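Okay, handing you the structure first.
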Amino acid sequence: MPTRQKFLKKRSIKSGMPPGSLVHIGEERAEAAQISIIAYDATALEEQSLPKIGKHLPSCINPTGVTWINVEGVHDVEIVRALGEHFSFHPLVMEDIVNTVQRPKIEDYGEYLFIVMRMLRPQHEADFSSEQLSMIVGPNYLLTFQEGIKGDVFDAVRERIRTSKGKIRALGTDYLCYSLIDAIVDSYFSVLEELGEHIVDVEEELTLTPGRETLHRISYLKKEIIFLRRAVWPLREAISFLERGDSHLLSDATRVYYRDIYDHTVQVMDTVETYRDLLAGMLDLYLSSVSNRMNEIMKFLTVVGMIFLPLTFLVGVYGMNFKNMPELEWHYGYYALWAVMIVLSLGMVAFFRKKKWL
Amino acid sequence: MPTRQKFLKKRSIKSGMPPGSLVHIGEERAEAAQISIIAYDATALEEQSLPKIGKHLPSCINPTGVTWINVEGVHDVEIVRALGEHFSFHPLVMEDIVNTVQRPKIEDYGEYLFIVMRMLRPQHEADFSSEQLSMIVGPNYLLTFQEGIKGDVFDAVRERIRTSKGKIRALGTDYLCYSLIDAIVDSYFSVLEELGEHIVDVEEELTLTPGRETLHRISYLKKEIIFLRRAVWPLREAISFLERGDSHLLSDATRVYYRDIYDHTVQVMDTVETYRDLLAGMLDLYLSSVSNRMNEIMKFLTVVGMIFLPLTFLVGVYGMNFKNMPELEWHYGYYALWAVMIVLSLGMVAFFRKKKWL
Amino acid sequence: MPTRQKFLKKRSIKSGMPPGSLVHIGEERAEAAQISIIAYDATALEEQSLPKIGKHLPSCINPTGVTWINVEGVHDVEIVRALGEHFSFHPLVMEDIVNTVQRPKIEDYGEYLFIVMRMLRPQHEADFSSEQLSMIVGPNYLLTFQEGIKGDVFDAVRERIRTSKGKIRALGTDYLCYSLIDAIVDSYFSVLEELGEHIVDVEEELTLTPGRETLHRISYLKKEIIFLRRAVWPLREAISFLERGDSHLLSDATRVYYRDIYDHTVQVMDTVETYRDLLAGMLDLYLSSVSNRMNEIMKFLTVVGMIFLPLTFLVGVYGMNFKNMPELEWHYGYYALWAVMIVLSLGMVAFFRKKKWL
Amino acid sequence: MPTRQKFLKKRSIKSGMPPGSLVHIGEERAEAAQISIIAYDATALEEQSLPKIGKHLPSCINPTGVTWINVEGVHDVEIVRALGEHFSFHPLVMEDIVNTVQRPKIEDYGEYLFIVMRMLRPQHEADFSSEQLSMIVGPNYLLTFQEGIKGDVFDAVRERIRTSKGKIRALGTDYLCYSLIDAIVDSYFSVLEELGEHIVDVEEELTLTPGRETLHRISYLKKEIIFLRRAVWPLREAISFLERGDSHLLSDATRVYYRDIYDHTVQVMDTVETYRDLLAGMLDLYLSSVSNRMNEIMKFLTVVGMIFLPLTFLVGVYGMNFKNMPELEWHYGYYALWAVMIVLSLGMVAFFRKKKWL
Amino acid sequence: MPTRQKFLKKRSIKSGMPPGSLVHIGEERAEAAQISIIAYDATALEEQSLPKIGKHLPSCINPTGVTWINVEGVHDVEIVRALGEHFSFHPLVMEDIVNTVQRPKIEDYGEYLFIVMRMLRPQHEADFSSEQLSMIVGPNYLLTFQEGIKGDVFDAVRERIRTSKGKIRALGTDYLCYSLIDAIVDSYFSVLEELGEHIVDVEEELTLTPGRETLHRISYLKKEIIFLRRAVWPLREAISFLERGDSHLLSDATRVYYRDIYDHTVQVMDTVETYRDLLAGMLDLYLSSVSNRMNEIMKFLTVVGMIFLPLTFLVGVYGMNFKNMPELEWHYGYYALWAVMIVLSLGMVAFFRKKKWL
């Protein structure tokens, strides 16, 4: 929860600044940012990793191939600014990159596309972290800006570029863009599977040993679903833009791939909705079960209590001190009373059994 | 539930692979896959059944007629790959066929249509299995890929082809495609009727002998409805594409048939929604009934208990050991007290009756 | 409910048949079907009633006027087949006529329109029966197929044709079609008024004497509303097609009439929704009332029980057999204890009154 | 409620009549209808009031100005018929005027517009009456038909016409129509404010002295909101037609005014929705409060009862008649027992306090 | 709440007035209104502050630059009238400015745009005030009318104009308009953060020490969300108009900025919806927790009470006065009974423990 708390609070510090002000909004980090550059075409590949932006940036841009610049840690505002100025990006784009509380979206700036997504990472106990990934797709360059520096889900893509596996080296930035988005959407399934595992666990717990913590787990998972929907829902609309292929940066050949991720996104949403419905049903079931169980206990106890009421009354009667109480004098009075009480108890048990109250 | 559990978990093993990687995602099976081929035109019919794809595949494709290739068991990835390469299908199509967690959908690849549906099969106790059926409709061929190998709902269609019943032999792949989809949608009605039967059962149980298991049955049926909606809902959109007939593979003559299945799909959805509403009403009714019944019992017991309270108090009074208690000395004291207690009890019963508490 | 049960179950017997198979799906009936024909134009009128279709059917079709053929009882599949072949209707149309579980819909077949509606009939206790009415509207003929044979709501229309009241004799099949649909939609208001009456009854019952059967009545009415919505909701869309007048069979002059029935349909839906909202509110109110009333009783009883607790304790104290208990020896001990107990009881009553618990 | 009851029941008496039949459907009234005519242009004004339609109607129509004919009491079907025939209105229009259960709507008949609205009037105790107002807007005439005869909300408009205040005398029927609709929509705010006042009252009652009648008041207000939505919701769509100005009867100059009423209608809907949300929240709060309060009482009583249980047991022990009970013989036994009981009680009170149960 | 109460009640006082009547509707204020004027272009800047509108207004309008006239306090209707007449605004615009219960909206009057928004201001305890801000954007002037006079959120914009920071001095009224709307939408985040803080607080309270006031706090926050949605929801639609840039007053260069605020507005709505979902979950959790806790206590008490029932019965038995009760004569009878009672109690405790009732 502490993360959420922070997440719900940061934005207003920028109130009153002119648009395009580069102020980092997000979790504070002490670690240094990292820049890595991969430039490739069908035949050649060059890789660099550097902590700061110096003068040699232009040299690595391959005019006929693709240059992918990946920045880990947007809290280092200077790197973002340097890159922004080098490529002449719009100030609002730069602002959105460092302001890491954006919703997923896509914006078409003519010469380049600006895409914002959320990179989800499963954490202990059904929790997941949500970091912003901003992407700028130009004709021969692609920039990715990651909020965090704890690694990403792109290693497989890098490997494919390096080993020239698949068509990735032969195609342009739009295919690279697809590969990266695909990697992110694929990683959503891990989060979903983690969540699904917990939901199935809680469901079993619900059947076998429902307790107070079951309620809290259901409630916790429902909250996770709320946050997950928020991260994923707007993505569908954004990817539908890519699928339509309205921008000249998107070749027709990759449209079918974007349709594929669109499909995956819809599947993610579908699963999220199913989880939500399942959790709602589980909450109902939990509440009814608990109430049923409670009722059963109370009924049992009340019924048992009921059996003792007339017995206690009877022994009270023969504890009275009236001078003239013939039964007390009778030699078998005590035994007779026990007989009466036993018959009475059995009769009541039979009656309650018949009524299905016991 | 174990199936569901698996169903919720498989997808991520493919993370990081390039698009078009043929990895089977779904239930593991030990049985061998089966291929069956039916090639026909208005006058001729040829049938073959083979366990592997060899060289003689091309020969059976009838350029003027229709060739229907049915694959049972997509876990044998090699068969899918061989067919895919033979017909030059897009890698993403091949990938979706072996990845059996797709949503129902239709995709137009120009030269062929790719259709994914769910084949539902009623199982014991209102449960149903859900297997993926992928279909590729080309100008003179139609391929169906079934996830499972336990038989399908197409026997009636095969019989019609063999006996040349109806117009099926005279028409092209679009009519065959219609016949197959129709068979699947028809089979949904069996699942619905099975479910409906259970719902009516549970409703009767609810009226006659509601118990804890009633709650679990309602809850179970609600869960079934959630999964059923998920399998059926996207189908409507897909079939609406076929009804519109935007592809050149669909002749105008079959449009009216597609409108018919569209209608059926809407009816399926309608019934699913009605079931959902009925189950929601049943849950409400169950909870209110149980709570009502519980309340009645508690009220009865409390009211009866209330009658004994003053009586027990009274016998307590005359069990006291005060030296000077005139009533105790009175010869008829004991009988008088009984009279008082009987009158008091009857008065209380009358009072509670009047108040409608008893 | 038995009807519903059947209604939820029939469809699958047709699985595997080719499209256009004429198999009656619906309630079984022993009675013979009836055919009645009315042929008219502005000046002439001819009426016939016959139990079977023979050869003289063509002769009665009036090429310049309107021929209305009404079939009561579609379980006689042969009649439907004969008419279908005579007019060359599409096999799917014939199939939908005898398969009486269709949703309301309209289909434009170019030369004729095919309309399916539900004919509702109030029955005892807020229940209503729902029978399928299929209608085929051609340039100079109109066919109606009724599921049942217990009479219909068209008598007023027939009377208007016979007496040439209104414009009906002067206008074509589209106006006749309007008149028939209007009669059906008008009859929905009877069902609604019947339901409304019951809802108002239950509401009064809820205020005056809520009991267990109140809950069941509300629940029953809610179920009726679910089925009513299902019969009426799709009609709106169908009639909106007629209002738009896209078919050449619909003259501009009748469009304003179709707008009128569209209006009525919307009113029907509106009323159904209002009923649903009212019933939802009534269920909430019932549950809260019952729970409130229960709570009041339990509180009363518990509070009264509370008064006896210290009294019973006190008389217990003086029932002890200690050798040395000075109070027991005191001559006024017994009376003093009574005084104490009375004061204590009154004090507790006052306390509970003040707390508003009594 | 009696009004509602009637309102829910009238419609079916017209079943089977041909379209355009003039049968009054609505509350029966004994009072005579009233006709009032105002004819004006920028310079002249003529006013008449008459109980019946005679021959002089045409003379008062001002071909260059505006003639507003207002009929109060549509139960006098003859007046409606006479006017309808004079202006040659469509029979369906006439029918809708006397059938006072229409939804708000607008219909464009080319030469004139037909508008139906609901005139709401606050009544005692948050109730409101809902009467139908039909309006026909022609090129130089405007007819209004009011269901009731208890006065209307148009006095201010009449006054403006008489005193030539604002632009009303200079503009045509579309501006008059606007002024009348505006007056009606403005009157909705009175109803809303009345309702709002009651909602705020009930909210205060809920905080200070919630009781059974609070529940009934909330439930009553919810029902009012259901009826209010039904009267207002369809109006938005109708006024949006006027705002779009598709008819030649609407000049461009008045479009901005219609946008203004559209705005007001949206505000009305907005407020209705807010009320609905507030009432839903209040119902939740009421139920939780009542249940909380009940629980507190029951807990208190049970805890107190718990203290007496061991005490009563103890005094029971020393009321036994065993021969050999050393404590009874001890001189200070009685006092010692009191000491034990007091310590025990205090201990239990402390324990329950610590557990926050007391 | 008192503010809300007023807010729900004012509107009807204007019923019957002609359109364009300038009557202030809103909170009454004693303070004088204030007018401040800033006229600037890229090179020059002039500022004035005046309490009344005199003759020198025209002189300050800079035909080539931008003149921003800000009015604080629209209760001074004369100022609004003077400005309206000077610029020839439509009477309905003037009316909406002084009638401070408008929904957010945008209206295009050709020569100028009229925009209404709500200025939210956090107040003590999660409350916020909501004041109307009306804005009129012309080709070279921009007027803002604030309902209140307690300062605004525009100081940062003023500072940017004065210091010529950013592009604001170089661009026209559309950019100024953007800057002002941006400042308002930014201020919504403060309100949201304030609310979020309270929601997190209440959530912690819910986990640690849930009590009656928790319920009231949740209910209060839900009410705040209802009002917040009402203020923000319509804004999205209005800003989407600006983003589309349909008016000639909006240059293409600023469209990207409007897209930015559109984004922010969607984020605001998103957060509001998330809050709503969280609060709904919290209410559920609260109710279940309270009910769970209550049940635990009642169960504990009932179970403990159950242990004393047989014990009290037993001591009652040996308190009876039968002549012939052998146990009483037995020398160890008393001790034996104690032994029996202790064993019985322990047995019951063990039984209840096993059943998980204790």
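A, B, C, D and E are the chain letters, set down in written order, and residue numbers restart from 1 in every chain.
The rule is short, and it goes like this: a residue touches a chain if its C-beta (ideal position, glycine included) is under 8 Å from a C-beta of that chain, and two chains touch if they have at least 3 such contacts.
Just so it is clear, the structure is predicted and the values come from calculations on it, not from any experiment.
Identification of common neighbours of subunit A and subunit D yields E. Of all residue numbers that take part in the contact between subunit A and subunit E, under half occur on both sides, making this a different-residue interface. A straight line joining the Cα centres of subunit B and subunit D is 43 Å long. A straight line joining the Cα centres of subunit A and subunit B is 26 Å long.
Shared interface positions of subunit A, i.e. residues touching 2 or more other chains, are given as 291, 298, 302, 305, 312, 316, 319-321, 325. Taken pairwise by the contact criterion, the protein chains form one closed cycle in which every chain touches exactly two others.
Across the interface of their complex, subunit C is touched by residues 153, 155-157, 159-160, 165-168, 178-179, 182-183, 186-187, 189-190, 192-193, 196-197, 199-200, 203, 256-257, 259-260, 263, 266-267, 270-271, 274, 277-278, 281, 284-285, 288-289, 291-292, 295, 298-299, 302-303, 305-306, 309-310, 312-313, 316-317, 319-325, 357 of subunit B. Those residues of subunit B lying in contact with subunit A across their complex are 1, 4-5, 8-12, 14-20, 90, 92, 101-103, 105, 107, 109, 212, 215-216, 219, 222-223, 226-227, 230, 283, 286-287, 290-291, 294, 297-298, 301-302, 304-305, 308, 311-312, 315-316, 318-321, 325, 327-334, 337.
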